[in-house]
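Note that the chains are named A, B and C in the order they appear, and that numbering of residues resets to 1 at the start of each chain.
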Amino acid sequence: MSQAVEADDRSDELEVTTDEDATVSILTNGDPIRSFAEILSPVAEEFRVQLDEDGLHTCAVDPANVALVDFTAHAQGFDQFDVTEPMTFGLSLSAFENAVSWARKRGGDGDSVAIDIYDDPARMRVRVTRPDQGVTRVTEWFGVDPGKIRDEPNIPDLSLPGRAKVDVKPFNQAVQAIDSNHESAFVTRDVSTFVLGSQDGGDTTPSDDDSPQDAVMFADSAWNENGDGAPCSSLFSLDYLTEIAESCKRGKADRLLVKWGDEFPARFEIEHDDWGFEATYMLSPRIQNDE
Amino acid sequence: MSQAVEADDRSDELEVTTDEDATVSILTNGDPIRSFAEILSPVAEEFRVQLDEDGLHTCAVDPANVALVDFTAHAQGFDQFDVTEPMTFGLSLSAFENAVSWARKRGGDGDSVAIDIYDDPARMRVRVTRPDQGVTRVTEWFGVDPGKIRDEPNIPDLSLPGRAKVDVKPFNQAVQAIDSNHESAFVTRDVSTFVLGSQDGGDTTPSDDDSPQDAVMFADSAWNENGDGAPCSSLFSLDYLTEIAESCKRGKADRLLVKWGDEFPARFEIEHDDWGFEATYMLSPRIQNDE
Amino acid sequence: MSQAVEADDRSDELEVTTDEDATVSILTNGDPIRSFAEILSPVAEEFRVQLDEDGLHTCAVDPANVALVDFTAHAQGFDQFDVTEPMTFGLSLSAFENAVSWARKRGGDGDSVAIDIYDDPARMRVRVTRPDQGVTRVTEWFGVDPGKIRDEPNIPDLSLPGRAKVDVKPFNQAVQAIDSNHESAFVTRDVSTFVLGSQDGGDTTPSDDDSPQDAVMFADSAWNENGDGAPCSSLFSLDYLTEIAESCKRGKADRLLVKWGDEFPARFEIEHDDWGFEATYMLSPRIQNDE
């Protein structure tokens, strides 16, 4: 491909470099950066992203105040993460997803992605290179005024003794299965088995009688953080749970830890070992019909 | 996975067992049981299923009285088929399809499926285990009152001398091809060639003149049961024929035998060698325009 | 399969032959003939196809007079191309696409396709054989009266000094990427880099300031036919460009040469080495907002 050295930097577009004049410059790849966008997507369209030398952090709540996501990416998980001075950028997720979608995920972590964030005017420039095609896409757009994005929510400190470690793919399939013929699902445990289920009437514990039920059970995956207490259970809208479970899978989380209590919001905590991502979804419960 | 032996049977959910208290208990796998549901699907949503020690049988006609399916599964085709006493169960096909869809088809015959049918109240419990994921889904729902399902149709005894043995996949593709630009199709034969075609005006024999036509011909596949009689032909609505052909393919039939006469209902008979399934669709003809 | 020799030619349907009584008889295969249909598809539904001993040629303009296609297939690119006397056939593209869709593309050039075109009445018969399935589809339909199809457009002789040779697949992906968030795209060049981009306000040259932009750049692919002149640029509606780019890819063009000027129609010229196809799309520009 191009060997020429030109005054105009567009002629060198196959070399993946960031811009020295940017306030924040990040080098990464298609697979992690598209996963980042997937993880944020079920909750909101605009995010107040805080960037400093430690990495990036954002937290947002959905318009109906039912779900929130709290996301951190550590600087050392990126190939380059330079911050001239800490800043807050108002990110339009759809513009970002469109720009990074040019980066394919194939081959290791995927095509190279350079992200430059500028301060005045606030804007982001994403440069994605596909070396085998000799093609580069550059997308640049203005940031959203962070003052016009909803304040970050306070994350409540809750007693959530229920715990389950489950694989992301079967969890997503289980949520889809229950969603296919129900509107809400409970989470609970039966000894060491994590149970995601639904019952007519909205009960949140599997019944021993003959009433209709539908439950997916994950063997040897659950416990009670407080020792041998009785199992807790909470009921959730499947509208939200399906989107969270799908984003855990599409965002390629390595692990999913579910924390729940009795009619409390549940936490869905995911981690990525190689990329240094951590994210927590919180989801408010539905009030049970039988009370 | 779980080694513990617990009083509560949910802790043993990876062991695939049926319930001793059930009237009927069946052990099978994802591939055959989902094929069974596929075969019934083009005709009706509710089925009166008769179960005795020989196996299960059902027959239903579609709401417009145009198509019927007659299905038999022999007991020896299942891993277990225990019937305490013969019973009739009112099956909602959509609930059944949803429950067995958790069983993947991969690897031999697919994930293990245990079906228990109870008498009072009439209900079905399906338990599907995915051993590699350590996950089990249990779905239980009430049966439909068999008295509220339409009576089984009488299958008429017809003279259908036309015969063709065709492969299921090209037959389905042929029906789709003709369906893509026609509303009805005729079946006939030309010496030993089975012909599925359509012509403007609704003629049911391929014309030798210049008029528009569209026909798919299956070489060396047709004959006349009565010896050397003239070829018969009948015309059918493609609305029904496409669904029957698709179900033959998705239901993974090993063979398809077509039997037809002159403006008589046709029979589409399929068999599964390994699973011991037999099914016959009957489809009423369209009256020809030229008479 | 069938070894019998019968008076009725339908019994020999697995032998792929054309009809001696036809005015034009063509033997080809599924892959090239379906590509031919793909290439014509973005422009019109009816085509005036001229056939003589050198091959076939057609040229048509879309109903809004924005895009045209000029297509030539040389006789020697076909397995057989017999023309008793030169003729013009009024082709319905959808009927043709439906008929040849029975020919699979797999294995070399795909299933055998025999095309007979008759003069009086004007009609086309397509015969496609799948030898492994023992199945043949024969489709026959009347031609459109060529006098009722729009006259062939005159192709203007334009000064189009901008030139770029790009691969068909990344070009199609680039057009889709820009189309995903814009209504129009400009083509230009930056030294030897071909640029397909979009900017707010409809500018047709990549800006050096901070304004939003989105551009895909193809390294080492562009030049100026007149030597070292300044780069030209033109703006095009993505409604048309996406269809043309998609047809270049689906039509399996080996090469794409783009020729453009300053606010002139652009030419998209494609070639197929093995099949001897040549096609040129012309696309009228959008007038720029800033003038």
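We adopt the following convention: a residue touches a chain if its C-beta (ideal position, glycine included) is under 8 Å from a C-beta of that chain, and two chains touch if they have at least 3 such contacts.
Just so we're clear, the structure is a prediction, and the values are computed from it rather than from any experiment.
Chemist: Touch graph of the chains shown: is it line, ring, star, complete or other?
Modeler: It is complete, because no pair of chains fails to touch.
Chemist: Between copies subunit A and subunit C, are the contact residues mostly the same numbers or mostly different, with half as the line?
Modeler: The interface is built from different residue numbers on each side, given that under half of them are used by both copies.
Chemist: Fitting on CA atoms only, what is the rotation between the copies subunit B and subunit C? Please report it in degrees, nearest 5.
Modeler: That rotation is 120 degrees, given to the nearest 5.
Chemist: Roughly how many whole angstrom separate the Cα centroids of subunit A and subunit C?
Modeler: Centre-to-centre distance between subunit A and subunit C: 43 Å.
Chemist: Within the complex, which stretch of subunit A touches subunit B?
Modeler: Those residues of subunit A that touch subunit B are 167, 169-170, 174, 177, 180-181, 190-193, 195, 206, 210-221.
Chemist: Over in the complex, which subunit B residues touch subunit A? Could you list them?
Modeler: 1-2, 4, 6, 8, 10-11, 13-14, 95, 98-99, 101-102, 118, 121, 123, 130, 133-142
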